[in-house]
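The block underneath contains the structure these notes are about, expressed in structure tokens.
Letters A, B, C and D mark the chains in the order given here, with residues in each chain numbered from 1 onward.
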Amino acid sequence: MTESFAKIAARYSVILFDAYGVLKNSFGVMPGVLDTLVRLKNEGKHMYVVTNDASRSPQVMARAYVHPTHGELISAERHVTSGLLTSEFLRTKVRTGRVAYLGKPSSAYYIEQAGLIPVPIAQCEAHADVSALALLDDEGFDWQLDMNRALNLLRHRNIPVVVANADPTYPVDTHNVAIAVGSLGDLMERIVHKRFIRFGKPDTLMYAYAYAQAQTNTAIPKLDKSQVLMVGDTLDTDILGGNKFGIDTVLVLSGNTRRETAELEINSTGIIPNYVCESVLG
Amino acid sequence: MTESFAKIAARYSVILFDAYGVLKNSFGVMPGVLDTLVRLKNEGKHMYVVTNDASRSPQVMARAYVHPTHGELISAERHVTSGLLTSEFLRTKVRTGRVAYLGKPSSAYYIEQAGLIPVPIAQCEAHADVSALALLDDEGFDWQLDMNRALNLLRHRNIPVVVANADPTYPVDTHNVAIAVGSLGDLMERIVHKRFIRFGKPDTLMYAYAYAQAQTNTAIPKLDKSQVLMVGDTLDTDILGGNKFGIDTVLVLSGNTRRETAELEINSTGIIPNYVCESVLG
Amino acid sequence: MTESFAKIAARYSVILFDAYGVLKNSFGVMPGVLDTLVRLKNEGKHMYVVTNDASRSPQVMARAYVHPTHGELISAERHVTSGLLTSEFLRTKVRTGRVAYLGKPSSAYYIEQAGLIPVPIAQCEAHADVSALALLDDEGFDWQLDMNRALNLLRHRNIPVVVANADPTYPVDTHNVAIAVGSLGDLMERIVHKRFIRFGKPDTLMYAYAYAQAQTNTAIPKLDKSQVLMVGDTLDTDILGGNKFGIDTVLVLSGNTRRETAELEINSTGIIPNYVCESVLG
Amino acid sequence: MTESFAKIAARYSVILFDAYGVLKNSFGVMPGVLDTLVRLKNEGKHMYVVTNDASRSPQVMARAYVHPTHGELISAERHVTSGLLTSEFLRTKVRTGRVAYLGKPSSAYYIEQAGLIPVPIAQCEAHADVSALALLDDEGFDWQLDMNRALNLLRHRNIPVVVANADPTYPVDTHNVAIAVGSLGDLMERIVHKRFIRFGKPDTLMYAYAYAQAQTNTAIPKLDKSQVLMVGDTLDTDILGGNKFGIDTVLVLSGNTRRETAELEINSTGIIPNYVCESVLG
């Protein structure tokens, strides 16, 4: 029932990859993936990573895709992260001041990039003079203390709230998942009755950003959406968003979606990928 | 616009009080409340506490209402807690075995009362042999570690989940609130796509329990609902539930609902108390 | 895997039946059901119907259970309908005036019983002088015209809204369902940001009402919940509510829940009946 | 507190207008609007309509903006409608076959444009051989009959569902609103447990579409987002989406948002426009 990824990929000019469950897992880049990327690059494919992740900078992420002999395979510039869109929003709409955040120190990169000053929520009083609140990552803070702090900050001050990763959970190993910052955002949003601004797939803004970047690439003349392929392991983010953006989609079974239930899930959700592949290998 | 609580109370035989925001705040029983309870008792009123709380046993709660000279004013038997209903459910429907829980050690009382063995979630493996999961209180555990543990337990084992306190938040002082275990239950329920069983107002089961107990009281012959009054500080738990159960309701302004916004909130939610009073004093 | 209903029923004094999918279907009372009810009655069982239905009066409903030779098997008094609870609410909390409604003329019975005046929404202007809005049934009105009328009425007047049947859908034949008034209530509630008051299973108020009535029956001395059995065809109304109320529950496979998927549904929802039977026959 | 729209507009090259509540109301184009558009055009502004509407074709919509002496002011090509995105999706992802729809015959334009065959849901049996279901408009069908038909079609066939207008309601006059097809989609989606694909603001795809089109315009060299202004009357569609897309936003008070409550709504939702103007006039 599954098809060969190599044959499918051959028909497209631009390939967008989700990272977790497609190229990487919790142990790092999956075996064989670097060689696959080398082959695709040699075939002239333009590759991007489109990932719901604001825990680290694109520079740090790109280091995972350095081949011992062929060098960097997907550069930092070709990493479209939900953190990057968050950063864009802070830069264009919030503009100045301090931004309270929940997340690891490394995720504060996305606030600094916007020219703003990151302040861990643990250092914010309830009436702190901050211009926005950013939910960046599920690690790096005390959930109980700091979510209560963030909640009371929002009850006292009318500031925009951005959630840099809309995913509710992420896989930690074959058998277990962890609650992601998207779920913490949902919890707080329901309590304060405010609209939080979420970045990340399935929202099409991520795809539009990657597509716009590919269009500026003079090596790909006359690019249109029919030449772009999205590769992901999750139906309701990667595939739903790609379908909605109007590009072709491949579901791979190397991550969130299990072989045994893939067909059932496709049928029951109504989210239909163009192709299903075991993985990006083969 | 507000009325005298004493005059209203005079017209009823049975008075149900919410605890927090009505009789107590985070500093303990509010000044003047014990004297009010003494007066109501002397007038022959039958008083109950109906509270969304599973953090401590009714015995411990009742100690708050002991008057230096008049003794115990509302006995443990007259405390109808959401923990008690949870305990009833565990006793009648789960029956035997170990129950994993989130909460303080003191909240485990409600599992023990049901004849079951409480096990803190921190001591449960993902495939632990437990018969149910109980969300009892927001204190007493590491939110990040233990909610992830609970989540993975539910992904591996099909067991009922009970939430002993449906409130999303509770007030900690005049200006701040804290996230309650009800919100943690919402977060997990959305992720695992299972129906959690919630106990607590506005569900009418709490009122039915108190009413049934009052009916067995031979000192109140021919009790019907028109003789019962619910006193609460929160529209969407105390008042909504009382209205639905078919008893009269008083909103007091000594807790969650502020004087300035009470009328607006009543209008915008459509939850209409029979009376509004400043507090149970006067 | 299923058990004999007759053997299970023998162990209880009071039996609560859901109507649709258990005793009736869209063609009327199911073959064999009347004889089963005769037998249970002869064995001394006290039987009640507990149904999410406000389309007709209990008197009309009771006519379905008249045996040609044994007469009336479940009287109108033993029909606990969601309409009855709605009527109770209107009588005790709304008290006087006109009540706008969506539903068939026969469902207006529940407004009249409360001593109030029913007014079809089609006859209400946007500022009509009504004391409440009641959503009683999905038939008897023009959905587009009258839901828009009801919506604008609620935007102009702050009145309580009651939904007399919380079910989202109901089965019309083996293959098809119809949208019930509960779903229409959900649609409007989300738009007006008000709390509607819902009556019907899984809310335990229905069970409490039937139980209280059984307790007044002098023929059943010392009744407690362990002697009461709920029989239903739907996990998330009949069984969830019965479990929560603390009585034993039987899932029958003659209605909403199909034999092929019953076990999967029980596992995936976490709503666990005490017994599973093919039907109330045999 | 409000500012002059003319002064604000002067600082941008590209202006995106919502239609209803900004340029039009239920009586047609608002007085003075055509003259304003003439002036903006003469000043060299590039104007687009970005509207959640799939009831008519862009060609029909464009006819509203024809000035008696200056001719067409905003051409059909510059109307970015939610119907257009729906059409794109059908063309690229569904591709062939018949598409069942709810809506007026004129809304079927968007199915035909995609090269597919529109079939009113009233003509579909429960197992009809259709490739997708499209919810296009709230008019043109019998809500009760046809929503039940659509619901049962979805229970029997696994096809994608597109909702061409995500708005829950729309204003019909100063005092009243009507339920839009977005709310009907919500109702059905909750019942069938499937992900419907929604098009329309606040989703940024509409903005990306308009922006991409403006970028191809050789008359606007080096366009970037800082030169684009979104003008809308609704915070949680027009303004939220514009903010998220990273362009400046103007809230006008000539439609959904009333002068008296604008500030309160901005504060309570946390959706903050760059500017607030009485209208596009003056």
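Here is the rule we go by: a residue touches a chain if its C-beta (ideal position, glycine included) is under 8 Å from a C-beta of that chain, and two chains touch if they have at least 3 such contacts.
This is a predicted model, so every value here is computed, not measured.
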For chain C and chain D, chains touching each: none
Distance-maximising chain from chain B - centres being C-alpha averages: D
Cα-centroid distance, chain A relative to chain D, in whole angstrom: 28
Whole-Å separation of chain centres (CA-atom averages), chain A against chain C: 46
Chain centre separation in whole Å, for chain B relative to chain A (CA means): 41
Interface hub residues of chain B, defined as touching at least two other chains: none
In the complex with chain D, residue positions of chain A that touch it: 88-89, 92-93, 158-161, 193-197, 199, 203-205, 208, 212, 225-226, 236, 240, 243-247, 266-272
Touch list for chain C against partner chain D, complex: 126, 138, 142-144, 147-148, 151-152, 155-156, 168-169, 175-179, 183-184, 186-187, 190-191
